[in-house]
Amino acid sequence: MANIDELRRIVKEIVDREDVKYVIGYEKGTYGFRVSPSFAFTPEDVEKFIFSPLCVHNLAVYPHLEEKLPLKRNEKEDTRKIGIIVKGCDSRAVAQIIQEKGLDREDVVLIGVPCTGVIDLKKINARCPHLMYGEVREENGNFIITAEGDTHRIPKEELLCDVCTQCENPNPILYDVLIGEEVESKKEDYQKVKTLEKKSLEEKWKYWEKKFDRCIRCYACRNGCPLCYCEECMVDNLSPQWVRRSVTISENTAWNIMRAYHLAGRCVGCGQCERACPMDIPLMELNKKLEKDVKELFDYQAGTEEEPVLAVFSPDDPEEFVL
Amino acid sequence: MNEAKDEMNEFEPNIVAFLCNWCSYAGADLAGTSRMKYPPNVRVIRVMCSGRVNPMFVINALQQGADGVLIAGCHPGDCHYVQGNYYTRRRMAVLKRLLEYIGIEPERVQMAWVSASEGQKFADVIKEITEKVKKVGPQHHFRRRNVWRI
Amino acid sequence: MEEMIIRKEKFHDLVERALKEYTVVAPVDNEGVVLFRRIATPSELTLEFSNTKIPAKSILFQQTETLFTFSQRESVTIDVPEDSEKVLLLGIRPCDAQSLAVLDHVFAGELEDPYVKKRENTVLIGLSCLAPEINCFCTSVGGSPFSAEYTDIQLTDIGENYYIEAKTDKGKKVLDGMSDLFRPATEEDTEKKKELEKKALDAMKRRMDTDDIVDRLENMFESSYWRKIALKCLGCAACTYACPTCHCFDMLDESAVARGARVRVWDSCMYPEYTRQASGYNPRPERMNRIRNRVYHKFNYYPKNWDIIACVGCGRCISVCPVNIDIIDVINRTCEAEP
Amino acid sequence: MNPYVPQLASIDQIRDEVAGERPIKTFQLSFQDENPQNTFKFNPGQCVMVSVLGEGECMFAVSSSPTEKGYIEVSVMKLGKVTSVLHQCEPGDILGVRGPYGNGFDVEGWKGKNIVTIGGGIGQPPLRSLIRYILAHRKEYGKLDIIYGARTSHDLSYKQEFFRLEDSDDADVHLSIDAPEEGWTRFVGFVPDNLLEVAPSPKNAIAVTCGPPIMIHYVIQNLLKLGFEEDQIFTTLEMRMKCGIGKCGRCNIGSVYVCKDGPVFSYQQLKNMKGER
């Protein structure tokens, strides 16, 4: 991972520029291995910035979350840039939003950090539970966990997020400044999706019914996703009301299909939806299925193309399913 | 919609068909005027182009009691709006695979190119989709169980 | 028959007999996520969990509840579903039981919510916490891991036996007819329970500073502190749906052709549409307003209306928040924030 | 009994108050299982939840006075989902009504005082209920000033009633529209300016204002300028409401629930109410 002092020095320079409003990064969380997004308006705020395998959030979600209230008579809109620390998948999310004209490239200052994989909190909490304070450092293939006196050395594969174990683009594809050297990327084999695809229809429905039945429709998956930035989400529509607000297997299934479908060819695989879900629903398995289909059907990959996948077509798209 | 029929031995599926106004709807009309026989299970919704069919229409139809959904449009190249059917082809390709991945039988969501002159093809398509859905049975996975039915 | 002991193996018989008269709702492990579910056989339940992901309020104040159904076929008729189901809520933690006492205030009154009838028909069997979670802080808001104040029967796991205290008549009614399963508690059992209680209290690592929190919040309403807190909030409703004292709901009609139902569903003050009026005007337009309202509702407004803090220290909102907005940290840092 | 279940009421009469793109209609509702004496007791300024079964529910201030037996009237501006469907209803349709909710105006306490009502746009219905109540007990109240304004003359509700009142000497009516129109002889300008023009005396007077939040803000400022005390100024607040009985937690301004503790508040209460409104 990038070293912290260099990161802070660079971010301080960027925060000091008068065409930058603030820079979004990561700071130590309030307990255990938690890390929280952090907003630096002044160079002093940058002192809190850290970067470690625990920095899991996709910060590309914040430019759209900033509410733009009607201006009072004499106020002028503050159009200064927003600085964002972006890992590989975060930068592809920004690229995808820019491709969809949801953001202008000059509105953001991107501080790229090559990423060697982030930790799945559920896995590390299972190994070292009930901790008030925990630090993690990476050292040639192992995570060194120092927590309240004792240290553990755990091989990376046991703690990495599932999506990071096969990450194809850990290096930012879009950045103003890069901190640290590039990392070699791995190969995605969609193993989980393939095993589920081979199952019978009945087994597949049993598998998903159990998960969708747990969904409480809190929409943390939607609000945590950088690509879910519609002004009015279809699920909040009242006329027409696509999905009813009552929490039943029918509406939950419709919601999960709607969310996954709207990310076909747009999801960059950062895994934030699965992380944010309080009910542990494996949402990435849905997104990865769509990512695999879109690659196979149209040879399309999110974040690196010119046009959204469903906004274009090619005359020889597959049509074996058409009668 | 017709639960009473379910109890009868023969299951009669509800098929919702989105027919594009310029080709498929005209094809269906031709099938009708030429007295062609095809199962009565289909309920037609006329849309200006198959591209108008939002994938959520399909999901909503399956929720509200449809056992099968057909999206019929013009043959590629004949679309009145030039590329409407191309977009539909991509959308439905992705939707069908996602539904299958979740456990919904692929026969339930079908696409077809039916031009204005293919009355017979329209009748065959309806026969085929009704047979397939009848074999697969009623769609009760994520059908809305309305509280007030009791 | 105040303090009794029941061997763990016999506990399933107790549940078996209770199943005859009550609908038993107990924690069920659902692929690692423990939730309250109705059980048909005692084997489905588990008592090895820290706390359920979704609080016990979901049984009395359901996430989706039909208020009434209506038909407009020939004439318009409204039919209110009768609900006289006797429920045994087994395995409720002391903090969740305390949250029901908090919810009683808002749902009671001279216009009684259906929650009140359900509450009367429900018997609470509490389960003391041997190992509090890292985010538990019930001791800061008047609760404790072994508190049996708000439950009808309190269970405590003391090794091979359960220590049972039946305190209310509702609780005693459940246990009469089962006295063959118990033996009176000896001095040594009570000693063991006290020792476990001390161990649980020591294990509590976090403390929220709630003394005169109502006044502290009173004069910092306009502080820029709230804007800083709300910067990283994503505006999802995970914290409010996981919170045992959140009681906001929405009422919607679901209908097809001439029949339908008015359904009540959980709602969240963290959603922008929550207060947006048909004219488009929204008194709480920003996440700052909404997060401030959520904190004030629990630590300032509720105490003003019913003089009880609407937070029971279960820590679910802390562990469930995707961006680590930590209620303990938010409240503790109000000490040094300028008004 | 479940407090959310509405009583059934049928629409007797629908009057078009305002046409155009923000139309207002007044619905006269009478309860179906009407027992002889009208059990639906309410005070002017109280509200009712009107439900269109299958669409949803909306909170409306009752615009008729309790002295008019056998029916209640609500005025509805077509703005959202339920109000649009309401505007398509015809006489004879069945609606659900539950209530009355809220505290209403303190008509007992205001006996013997001069009353000034300042309404704007769709804020007039609760004031109309108060006005008709006062007209029914005319002797028990002092002078009655009615100040009411809207964007254009077409947007003025209850026009016939106001013209009749203008001729009678029961009340002084001061209508206003925002922009000049030919054929309009009365005041032109915003309601708060019209108030300064009319300049009612604060002695032994009560001022009641309802309308859009921005109008209430300036009306209160001008009332203070005219010498009105804080406990002489009353207003009704508008929040999104669902349950109407202080349970669903949505209509709170600070620790006060507008549906249960309001919607009528004195300026004194309003001033030290912390919370967004």
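All chains are identified by letter, namely A, B, C and D, in their written order; residue positions are counted from 1 within each chain.
Please note the rule applied: a contact is a pair of C-beta atoms (placed from the backbone, for glycine too) under 8 Å apart; a residue touches a chain by one contact, two chains touch by 3 or more.
Just so we're clear, the structure is a prediction, and the values are computed from it rather than from any experiment.
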item: Farthest chain (mean CA position) relative to subunit C; value: B
item: B-C compared against A-C, more contacting pairs; value: A-C
item: Chain whose averaged C-alpha position falls nearest the assembly-wide average; value: C
item: Approximate Å spacing (C-alpha centroids) for the pair subunit B, subunit D; value: 51
item: Separation of subunit B from subunit C, taking each centre as the mean of its C-alpha atoms, in whole Å; value: 46
item: Euclidean distance of C-alpha centroids - subunit A vs subunit C, Å; value: 31
item: Computed distance of Cα centres, subunit D from subunit A, in Å; value: 50
item: For subunit A, residues that touch 2 or more chains besides their own; value: 244, 248
item: Junction residues of subunit D - those touching two or more other chains; value: none
item: Sites on subunit C at which at least two other chains make contact; value: 70, 250, 252, 254, 260, 263
item: Interface residues, subunit C side, partner subunit D - complex; value: 67-68, 70, 72, 76, 78, 80, 106-107, 109, 111-114, 218, 221, 247-253, 255, 260, 262, 264, 267, 269, 274-279, 281, 283-284, 289, 293, 296-297, 300-302, 304-305
item: Complex contact set, residues of subunit A against subunit C; value: 29-32, 34-39, 57, 61-62, 65, 67, 69, 129-132, 210-211, 214, 216, 218-220, 222-224, 236, 244-248, 272, 275-276, 278-280
item: For the subunit B and subunit C complex, residues of the former touching the latter; value: 64, 146-148
item: List of subunit B residues in touch with subunit A within their complex; value: 55-56, 59-60, 63, 76, 83, 86-87, 89-106, 110-113, 125, 128-129, 141-145
item: Partner subunit B, residues of subunit A touching it in the complex; value: 193, 196-197, 201-209, 234, 242, 244, 248-251, 253-254, 257-258, 260-261, 264-265, 286, 289-290, 293-294, 297-298, 309-311, 313, 315, 317-319, 321-323
